[in-house]
Amino acid sequence: MGEDDGINGLPTHCYLMCPRQPPIMASMNFASDNTSGAAPEILEAIAQANDGQVPSYGADDLTASVTDRFKDVFETDLAAYLVATGTAGNSLSLACAVPPFGAVIAHEASHIAYDECNAPEFYMSGAKLTGIAGAHGKLSAEDVNRVLTKYGKGIVHRAQPAALSVAQATEAGTVYSRDDLSALSEVCRTHEIVFHMDGARIANAVAQLGRSPAELTWRAGVDILVFGATKNGALGVEAVIFFKKELAAEFEFRRKRGGHLFSKSRFLAVQMLAYLKDDLWLRLAHQANETAQRLARGLADIDGVEICHPVDANLVFAILPRGVDKALKAAGAQYHPWMVPGDAANGKMIRLVTNFSTTPEDVDRFLSVARDAVDV
Amino acid sequence: MGEDDGINGLPTHCYLMCPRQPPIMASMNFASDNTSGAAPEILEAIAQANDGQVPSYGADDLTASVTDRFKDVFETDLAAYLVATGTAGNSLSLACAVPPFGAVIAHEASHIAYDECNAPEFYMSGAKLTGIAGAHGKLSAEDVNRVLTKYGKGIVHRAQPAALSVAQATEAGTVYSRDDLSALSEVCRTHEIVFHMDGARIANAVAQLGRSPAELTWRAGVDILVFGATKNGALGVEAVIFFKKELAAEFEFRRKRGGHLFSKSRFLAVQMLAYLKDDLWLRLAHQANETAQRLARGLADIDGVEICHPVDANLVFAILPRGVDKALKAAGAQYHPWMVPGDAANGKMIRLVTNFSTTPEDVDRFLSVARDAVDV
Amino acid sequence: MGEDDGINGLPTHCYLMCPRQPPIMASMNFASDNTSGAAPEILEAIAQANDGQVPSYGADDLTASVTDRFKDVFETDLAAYLVATGTAGNSLSLACAVPPFGAVIAHEASHIAYDECNAPEFYMSGAKLTGIAGAHGKLSAEDVNRVLTKYGKGIVHRAQPAALSVAQATEAGTVYSRDDLSALSEVCRTHEIVFHMDGARIANAVAQLGRSPAELTWRAGVDILVFGATKNGALGVEAVIFFKKELAAEFEFRRKRGGHLFSKSRFLAVQMLAYLKDDLWLRLAHQANETAQRLARGLADIDGVEICHPVDANLVFAILPRGVDKALKAAGAQYHPWMVPGDAANGKMIRLVTNFSTTPEDVDRFLSVARDAVDV
Amino acid sequence: MGEDDGINGLPTHCYLMCPRQPPIMASMNFASDNTSGAAPEILEAIAQANDGQVPSYGADDLTASVTDRFKDVFETDLAAYLVATGTAGNSLSLACAVPPFGAVIAHEASHIAYDECNAPEFYMSGAKLTGIAGAHGKLSAEDVNRVLTKYGKGIVHRAQPAALSVAQATEAGTVYSRDDLSALSEVCRTHEIVFHMDGARIANAVAQLGRSPAELTWRAGVDILVFGATKNGALGVEAVIFFKKELAAEFEFRRKRGGHLFSKSRFLAVQMLAYLKDDLWLRLAHQANETAQRLARGLADIDGVEICHPVDANLVFAILPRGVDKALKAAGAQYHPWMVPGDAANGKMIRLVTNFSTTPEDVDRFLSVARDAVDV
C-alpha cells in the first residue's frame, strides 16, 4: 500500500499540526470512499452530545430516537439497530435470516462474497454464499430464479437457500431500478427467501434514482436494509433496518455476541441523527455522484479511455492508456487497480471513487493530467 | 431501565441545544464507567484528525504510530491492534490463543464468562470458559494450578486448557499485585498456557499500583493485554497488545472477519494517541480512583453500610441499609444492584462506579443524602 | 492407557484367530460400558439386513420403521432420528433447542459439560454450558430454579438460558425418579426452556425404575430424549427423539452438516430395531444393573471400602483401601480412577462399570480378589 | 424418493425374513454406490471381532494396527484416523489445514462444495469453498494457478487460500493421472497451500490407473487423503490419512468434538482391516469398474444415447432418448437425474452407478431393456 503513504505531498506532522488548513492543491485521491474524514455536521454533533451522564449500551435517548427518525424517513414501522462497520451490519443481519445450513445468493463479485474475509460465513455459523454472475455488478431476476429453481430446496445434501443479497448501489457503481428490485423481490417470494440489501452506498443510489427511500426498499419488497453512512460522511456508523420486523428477534443478542454493541452508544446514535437531519445524507451523496459524473464525462472524452460500467453512483471504472496511467500516478493521483471474479477487464481496469468531500477541482486536475498525457 | 431515562432533570431537547452548559447540580450517576462521554482532549484530537484524505482500513500513518507509542509506554517490542469495543478485544485476542477444542480459565464472575453473551465462545469457535471461584474477584495461583492439574490435558474427551484470563482491575474493583501476577504467570508456564489480561480498567490498576506498565504486564509474564480506553475517557477504542508477538499472526484476519476493522481507522488511532499523550490515561484513572476512595471512605463511616470488597480502582461495592437506598434513589442517584455467580452478598449488594468525569461534588452530594437518611 | 492394552492375557493374534471362544477366566474389566462388543441379537440382525439394494441416506424402509417402533415404545407421536454416537445425539439435539447466544443448564460433572471436548458448544455455534452442583450427580429443581431466576433472561449481556439437560441415569449412576423429573420439568415450563434428557443409559434407568418409558419421559415433561443403545449392546447407534416435534425442524439438515447422516443407513436402523425387539434393551440393562448391584453389595461388605453414590444403574463408585486397589490391579482388574468437578472424593474414588456382557463370575472373581487383599 | 421404495418387487417383510436368498432377477439399481450392503468379508470380520472386552474410544489393538496397515499399503510413514462417514472425513481433515478465515479451492461441482449441506464450512469454523469450473469434473493446474494468483493472499479483506481439494475419482467418474496430480501439486507448493484428496472412490481410481497407492498420492504431492471404504463395500468407515503428519496435530480433538470418535472403535478398525486384507479393496473396485465399462460400452452402442464423460471409474453419465428412459423406469431400473453447477447437460443427464455388488446380469438386463425401447 506504499502508494497511499503520502498525503498531498505534505509530511504527516504538518498535517497534524495545522489540520484545518485547506489542502493547497486538489487531492486527486480516488482510492476509496473511506479516505475522507467525516462531514463537519457529524463531527459537530458528536461534540454536542458529549456532555453529561447518559445510560450506556444503547439505553440512551439518542439511540431510541434513531428508530423514530428511520420510521419517518422510510414512512413505515421498522426495527433499526446501529453498528459501527458495514461488515458487521451485513454479517449480523444475514445471520438473522439464514440458518447454519443455509445459503445466501449474491453477485459473485459482491463485497459480502469477495471482500469480507469470511465475515458473513462467520456470523452465519458457516452458511454459504453462492455467487452468480451478472453484467455490471447486477443480478437479473431470471438468473436468480434459475439458480434457485435448481438449488435443491428440501434436499438434505444441499445448503438451503435462505436469502438473496444485492448491493445498492452495486460494487460496479450501477444501481437497481425500482422495477429491477420488484422483479428480484418476486423471485424471493416465490422461493420463500429473504430479500437483503447491502446499502453501503444506499444514499448514492437514492440520490441517483430520485425516488423515495420507501419506494426503493420495502415497497419494492426489501426485507432487510443495511443503511450505510460511513462511506458517505460518518466517522463510523451503519444502521441495520428490518422492514420485516420478526427477523429482528435475535439481532440484539447477536450484536452483543459479535462485540458490536457500543458502551457509549450515544456516539453512534448522534452520528446517524446528524446524517439524517435535513437530508444531509442525500446532499452528501449528490455531491459524490456529481463529481463522479464529471469525472466519467471527462474521461470518456479522452482518446483511448474506456469506461467499463454505467456510472450511476460515485464509482467510475475505466481502462486507461498506459501513458495516462503513468502520468496520473507520477502526479500523485491515487486509485486502485480493480479485479473482480468473472470480469473480462481484470488486470486492466481501475476503480476511481469520489466521496462527499471530493471537489470539482480534484476532478478537473485529474482530468487535466490525463488529457495532457494523451496529447503528448 | 426507566431509572436511567432522565439526565439531570433536563429534558433531552434542551440538553442537545445547550450542550456545553455545566450541569446545575452534581450528577450522582454511579451506574457505569460508560455513562460519561469522552475526555475533551480526545474529542479535540478527533476533530484535528478529520481533514484530508488518508488511506483507509488501518493503512494510515496515525494507526502505524500507535504501535510505536505502545512500544514506548511498555518499553518493549510488541504488536498492537485497535478495535472499538472491549468485547471485541477480549474475544479476538483469546481466539488467537485458544483452539476450538480448548478452554480458558477465568474467574467465575469475570466479564468474559458472565457478561459477554457468549462473545468469547463465538470468536473461539466454540471453546469453553471454565470458571473458578476466588475471593474479591481475584484468582489465586493455587486454585488455578489445582484446576489445571486435574483438567485432563491430552485426554481427548476434555477441552484442552489453553489460556488463563484475569481482569486487571478485577470486576470486583480489586487489583492483582506484581507478585500475584508473577505467581499466576508461573502456573501458566508450568501448564504451557497463555496468560491473558482483560485490561478494561488497566489504567485504574496501573494508577493504583504505582508501578510501570511494563512491570505490571510482560515483565510479570503477561502474554496478551487488552488495553482498555473506552471506560476511562475514549469514545470507543481498545488496543489488543501482544507481548508474545507470534500469537498475533492471525489477528488481522480474525479482526476483519469479525467486522472490527474500521474503514476510517484514523478515528480509532487518534483517540488512542491522545489517550496516551502526556499520560492522560493515568491522570484520568487517578481522578476516577480518587473519587472512588472518597466515596468508599464516606460510606464506611455511615452506620449500617458495609463495604464488600477492597477499593483498589474505581468501583465500590456496598450493602446499604434499606432506608439509605430508598433516600438515594429518591434523590436521583443512579447505580445498579449487583449480582455475581457464587457471591454470598447477592441480592443485597450494589455497585457504585466512578469515572474520569466524576467530581468530588458528585460524591459529596451522594454521601450527604446517604448520611441524612441514616440520621432520620 | 497402558493398563488397557492386554486382553485377558491373550495376545491379539490369538484373539483374532479364535474369536468365538469364551474367555478362559472372568474378565474383571470394569473400565467402561463400551469395552464390550455388541449383543448377538444385534450382530445377527445386521447380517440379515445386508443383502439387496436399498435406498441410501435414510430413505430405506428399515429407517422409516424405526420411528414407528419408537411411537409404540413411547405410546405417543414423536420424531426420531438415528446417529452413531452419543456425542452426536446430544450435541445435535441441543443445537435444535439453543441459539448461539444461549445457555444450557446441566450438572457441573455432566458428560456434556465435562467429557465431550466442546462438542455441544461446537454444534450450538458457541452457546454455553452452565454447570450447577448437585449431590450424587443429580440436579435439584430448587437449585435449577434459583440459577435460572438470577440468570438474566432478556439482558443482552448474558447468555440466554434455553435448555436444561439431565442425564438419566446420571454420570454418578443414580436415577431421577418420576417426581424428580416432574419437578424439574415444572421449572423448565416456568422459565420457558427446553427439557433435554441425555439417555446414554436410559435403559438402565427404565429397568431400575420399573415404570413405562412414557412415564419417565414425555409424561414427566421431557421434550427431547437421546435414547442410547451403544453402551447397552449396540455396535454404535443412538436415537434422538423429539417429543416436542416442532423442535425437530432443523434436525436433518444439522445432522447432515455434522457428517452424521449415514449413507448405508439401514445398518443403523437395523441395530435399533433389534435392540427394541422383544424388549431386548430392557433385558440387557437388567443384566448390567444386577451385576452392578451384586458388585456394590459385595464391596460394601468389605472392610474399609466406601460406596460413594447410591447404585441405581450399572455404575459403582467406591473408595478402596490402598491394598485392595493394588491387589485388584495386580490380578488384572480394569477400572478407572474417577475425578469430577466439585467432588470431595476426587483423587481417591474409582468407577466400576458393568455392562450387558458382565457375568456374575466376573463380579465374584473381583470381589474375591478384593476380599483376599483385606484379609491379608 | 418414491422410486426408491420397492426392492426388487419383494415386499419388505419378505426381504427381512429370507435375507440370504439371492434376488430372483437382476436388480437394475444404479442409483448410488451406497444402495448395496457390505462385502461378506467385512461383515464376517465384524462378527469375529465382537467377543471379549477391549479398550474403547480408539485405544484398542485393532485400531492401532490400522495405521500400520496403511503404512504398508502406502509405503511410507503417515498418521491415519478412522471415521464412519465421508462427510466427516473430508470436513475434519480440511479443518486441520484451513483457518476460519481461509478458503479451499475445489471443483464447482465437487461433493464437498455442493453435496454436504455446509459440513466443510461447519468444521472449518466458517471458511469458504471457492468453486472453479473444469471439464469432466476435473480441475486443471492452469486454472487453479490462475485463481490462486489473483486471490489476494495477504490482503486482509480476502479469504486466504489454504488448500486445494480434488476428488479422485471425480464426481464425474473421471480420474486424475499421475501427471495431472503432479502438476496440481506443484501449484499447491508454489502458493503454499495444502493438497487434499477426497478419496471417496480412491479404490476405483487406483484400480483403473494400475499404479501403486503411493505413486498416486504422496509421491504425487498429496498431503491429506480421505481414503473411502463405505461406497466400495464397508458398512461405514473411512480413513483420514495425513502424509504430512504435522497437519494431524489437532485431528483427534477435532474428531471427538465433532462426535466422530466411536466408543466401540474396534468395529471401525476391523472393517478397514478386512477391506485392506489381500487387496480386497482393489478387487471390489475392479468389479465395480468393469460393470461400469460394460454398461458404458453397451449404452454407447445404442442409437441416440450420449455418454457425457469418460468412464474411468464406476460412474456412467448419459443422456438417454426419452423412450429409453421411460422403458427403463417402467422395468424398475433405478437411477437419478443428475444436475451439477455449470454443466450444459443439466436437466437431461442421468447418473448410473455400479458398485462391488453389481453383476454383469444387472447390466445386461438394463441394456436389454434399453435396446428394446429403441427398436420399437
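By written order: A, B, C and D. Residues from 1 in each chain.
Keep in mind that, in the parts below, contacts are C-beta pairs under 8 Å (C-beta built on N, C-alpha and C of every residue); 3 or more make two chains touch, one makes a residue touch a chain.
Note that the structure is predicted; figures quoted are calculated from it, not measured.
Asker: From the centre of chain B, which chain's CA centre is farthest?
Answerer: Centroid comparison gives D as the farthest chain from chain B.
Asker: Contact counts by the stated rule: is the higher one at A-C or A-D?
Answerer: Between A-D and A-C, contacts are more numerous in A-D.
Asker: With chain centres taken as the means of their Cα atoms, state the distance from chain C to chain D in Å.
Answerer: Their C-alpha centroids are separated by 33 Å.
Asker: Quick one: report the Å distance separating chain A from chain C, using the average Cα coordinate of each chain.
Answerer: That pair's centroid distance is 52 Å.
Asker: For chain A and chain D, let me know how many angstrom lie between their CA-based centres, rounded off.
Answerer: About 43 Å, centre to centre.
Asker: Would you please write down the residue numbers of chain B that are in contact with two or more other chains?
Answerer: Within chain B, residues 57, 100-101, 116-118, 122, 125-126, 156-157, 160, 253, 256-257, 261 contact more than one other chain.
Asker: Using the touch definition up top, name the residues of chain B that touch chain D in the complex.
Answerer: 57, 99-101, 125-126, 156-157, 160, 250, 252-257, 261
Asker: Taking the complex as given, what residues does chain D use to touch chain C?
Answerer: Result: residues 1, 4-5, 7-8, 12, 15-16, 19-21, 23, 27, 29, 31-38, 40, 43, 46-57, 59-62, 65, 83-89, 91-92, 116-119, 122-123, 230-231, 235-236, 253, 256-264, 266-267, 334, 357 of chain D touch chain C.
Asker: Can you list the chain D residues touching chain A in their complex?
Answerer: The contact residues of chain D facing chain A are 100-103, 114-118, 121-122, 124-129, 150, 156-160, 339, 346.
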